[in-house]
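Shared chain: chain A. Partners: chain B in the first complex, chain C in the second.
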Partner chain A sequence: MMDITQNYFEFLALPVTYQLDLQALSERSRELQKTLHPDRFSHLSDRERRLSVQYTAYLNEAVSTLKNPLSRAQYLLKLEGFDTFSESQRQLDPMFLMQQMELRESLAEISATSDPAAELDALRATVEQEQASLREQFDKYYQQSTPSSFEAAAVCVRKMQFFDKLGREIEALEDQLFDE
Partner chain B sequence: MALLQIAEPGQSPEPHKRKLAVGIDLGTTNSLVAAVRSGESTTLPDEGGSHLLPSVVRYTEQGVVVGQAALSKASVDPFNTIVSVKRLMGRGVDDLKGLEGEAVYRFTEHEGGMPYLQTVAGDKSPVEVSAEILRTLKARARASLEGELEGAVITVPAYFDDAQRQATKDAAQLAGIKVLRLLNEPTAAAVAYGLDKAAEGVIAVYDLGGGTFDISILRLNKGVFEVLATGGDSALGGDDFDLALAGWFLEQLGGKEVVAGESRYLTEKARWVKEKLTDNPAVTVDLDHAGQKISLDVSRTLFDDLVEPLVSKTIRACRRTLKDAGVAIGEVQDVVMVGGSTRVPAVRSRVESFFERAPRIDIDPDRVVAVGAAIQADVLAGNKPDSEMLLLDVLPLSLGLETMGGLAEKVIHRNTSIPVARAQEFTTYQDGQTAMMIHVVQGERELVDDCRSLAQFVLRGIPPMAAGAAKIRVAFQVDADGLLGVSAKELSTGVESEIQVKPSYGLDDNEIAEMLKASYSFAEDDMALRNLREQQVEADRLLVSLEQAMLTDGEQLLTPEEEEHLREQMAILQALRNGSDASAIEQGVSVLSQASDFFAARRMDQSIKNALKGHSIQEIEGES
Partner chain C sequence: MAYSEQVIDHYENPRNVGKMNDQDDNIGTGMVGAPACGDVMRLQIKVSDDGIIEDAKFKTYGCGSAIASSSLVTEWVKGMTLDQAQELKNTKIAEELALPPVKIHCSVLAEDAIKAAVADYKEKQAKKQ
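== the complex of A and B ==
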């Protein structure tokens, strides 16, 4: 019997890899939605409808976790026994933290600059570049697939979390600056 | 060519009867009902030939009047004539203070903070008022379709929160309508357009009604309508345009205080001017107000200036929603206009310049939502088993819990695909704490006070432990209608507490039952008969679906013993169903449901495997 606690990749019949084919992910998701969605059971019994809500909720969770590069990395690590979803602050190297502080300072000063839009775009580009390189590093360590390389991959994830948060703050500032 | 009626084995022996299902657009200003007839979805007119039912309810000593007749008395009998009741749905007394210039009613605060409107027929909740509108539409549908309704798809603004959705569903229940689905208005509009044109790609639906604004970004693909993001304002619409203009009238009149009937007089005049300005560059209006008679010239430019802040607000929401959807303006292939207020030229031109393309207006913006809802109702009633159409929606506003210091911690973020289930763990913050208050809120703001309070309940019986030692797991489940259920559990002991979230300002089930009883004009016997009929329908539904399931999958998924056992159980329910004991049937349905649960689960697994057939992992790896 299919167990909805089975891993997301198996559930979607996708290979367990970080370099996920996003096109395949959304196609697979659509095919399963067509089978599982509660609207397919609207004229059937309550039981079947409830079951379908559970399955669809699981499907939606699987898709949203795998779609996002950060949560996909976290999920892969979790499958290997490294839980970065619920861990509290871990030590990161001082160089990295210093860089984060500098980036944050420049974010805080943007609204006072002469061309906030351009500054914001520049900062966003920096963040995106860093994120791309962290993803590459993560994939390399993940593929080595040794206990110490998984540790190194977990460090990448923690760094990604910083940049992810910074990215959201950039978006929030943009809304604030240009929405009014 | 004559088509042969081929009945599938196991289905009801009578020739396949088409089930009657309608789509209902319960609007702020007007409401409509539509149905699919001869393969085409059309709105249904009343006996006088008009399709739009003004969403106005007037209470008199002689009874209730709904629609145009009620509307015509709106300014002479303002307290008993309820207009735009949709703006009050799921709202608390405190929220209404924000509706300046509109709070013409006399409210009574009832238990739980829900506002009731004082009328000559007694205090009426917004839910009851909406139910009157739904009853009128239901009667219209019965008359033109000649038969009993299987159910309805009722549309709500995509931006409606849980309290507003629940209130809408309660109103339907009160009106005796089975809700097949609460469907978001922009999604319904997309269906009406998408099916006609067999569109593929990304579309934006800009929906500005009388009292609400929604913007939704959808991706259409092979019959699947996937909402990527939605945004808006559930208290911004054409009514606000009228108010802005009425405010200007008042200024010209010297800015005197107004009383209820007069303010309605001015907003009605304002609406008339607004509508005229759609086709004319300027309009002259005569006002007879508080003994003053004046004539005013209103140009479109003046009007545009007055509503500019409101239109800008909608454009900001569009920008934010595109961002949430992760879609660039250039990727949007079509912009669909919905709602009567999109007739305002200033709205059209701002939307056109923002999206860099002319918006689509080929389907009447007043009717498009009802038309789309009817198409979905037809599918959900089971009339189109081969339909590929599927509507996937998102949660419009984040759901969260109150944590220390009055902060809202988000558990499910906005624009998450629904249905969704998610849990979060919390802990106690005092030594020996044995109870925990769970406060569920909805909204994007950091502070609980700035969010909508949906429900509060207390989890009791937590064993005394040191602060931070208890682990309390709060689980949220949102169904396809966008309605929330919450349960909480202390993990070390298993102490559990579960509620179907009823909005803080909502009606509880007893209140609904009471109102239902009160609304029946017929005798007790009829109630009992109705109940029996409902249980029989439920039993038939289960028996037919099981029979069908056994025919297709029984051999493959059931052992002979299991099949025999199920057959026995089905025979028992069939016998009960043919009797006249409603509660015995109800129990029989629950017994058979449980007995067949494993089979339903096996079938579900089977269909997942079938859906993914040909996608073995090796093959996929081979491709790349």
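== the complex of A and C ==
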């Protein structure tokens, strides 16, 4: 029986971990989707149909949250009582902000360079490398499972959020430069 | 969501965009960021010997409201004393730009940036002595 008071991992019968098996996630999701298909409920009461709609919504939310490395990290922290989903103002390391500023500046200047495609690739590689290292750090702190390590994991999440935004800006510029 | 005329004006004609040498003793630099939207803001002030802000520059990567908030702050702080600048409240910025509730955090970011710039300047002065 499905239960939407369970957390996303429990709901999907997956272990609560950052190193999530994405293959298992999509398999579990497909299995549940099948049992929830609206056609199977056509003979059921309104109440049961409403429940199935609710389960489907919860399932979609669970899958999209866990699939993305950033929101998965945020969700794990939320389960531990650290909400990084909606915070806007936090003290951040000035060196980190300086680096973000520089990366944004180089992105803004890319279209004026002689080889924007190569520059974009180089910038994307930098972003991906930073993201990979932040994910690794996050996982390490998360597994230590102490209040101070969760706080350190939250710092990683905040940094990930900036790189996530930067990644989306890179994609947007790419579309703008090459898809016309 | 529709931006107010004031925001659009600052967004289209941002005042005082630029960079000053952050190594100079008379320059204070404030760097702030908002993780939720990934915005980054740099706000700098140039302070005269008698403690008046002579010039201000900013660079913001973010939404229209964040750009407008920092642009407005650079206009306002010119001619202010450090104490006056430090007392600048985000509510005044939000009011001037007619920011909707979901964009109030952009004005908070600008307030944090000017505070950080003043603090950076004061720290530099303290080190000199």
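Rule of thumb we're sticking to: the second predicted complex is superposed on the first by the 174 of 180 C-alpha atoms of A that agree within 3 Å, B and C clash if a C-alpha of one lies under 4 Å from a C-alpha of the other, contacts with A are read in each partner's own complex, and residues count from 1 in each chain.
We take it that a contact is a pair of C-beta atoms (placed from the backbone, for glycine too) under 8 Å apart; a residue touches a chain by one contact, two chains touch by 3 or more.
Remember, it's a predicted structure, so these values are computed and weren't measured experimentally.
> Looking at the overlay, what does A:161 touch: chain B (first), chain C (second), both, or neither?
second
> Taking the superposition on A as described, I'd like to know which of chain B and chain C A:44 touches: first, second, both or neither.
Only chain B; A:44 stays clear of chain C.
> Report for A:83: first if it touches chain B alone, second if chain C alone, otherwise both or neither.
neither
> A:101 in the overlay: touching chain B, chain C, both, or neither? Say first, second, both or neither.
The second partner, chain C, only.
> Under the stated touch criterion, name the partner, chain B or chain C, that contacts more residues in chain A.
Higher number of touched chain A residues: B.
> Considering only the touch criterion stated at the top, classify A:92 as touching first (chain B), second (chain C), both, or neither.
second
> A:115 in the overlay: touching chain B, chain C, both, or neither? Say first, second, both or neither.
Neither partner.
> Please indicate which partner A:128 is in contact with in the superposed arrangement: first for chain B, second for chain C, both, or neither.
The answer is neither, since A:128 touches no partner chain.
> Touching residues of chain C toward chain A in the complex: what are they?
By the definition above, chain C touches chain A via 31-40, 42, 59, 61, 105, 108-109, 112.
> Mind listing the chain A positions that touch chain C in their complex?
For chain A paired with chain C, touching residues are 84-90, 92, 94, 97-98, 100-101, 104-105, 108, 157-159, 161-162, 164-166.
> How about chain A: which of its residues touch chain B in the complex?
Within the complex, chain A contacts chain B at residues 1-2, 11-15, 21, 24, 28, 30-40, 42-48, 51-58, 60-61, 63-64, 171, 175, 179.
> If we count contacts the way the header does, which residues on chain B are in touch with chain A in the complex?
19, 180-181, 221-222, 224, 226, 316, 319-320, 323, 379-382, 388, 390-392, 416-422, 477, 479-480, 541-542, 545-546, 593-594, 596-597, 600-602, 604-605, 607-612, 615-617, 620-621, 624
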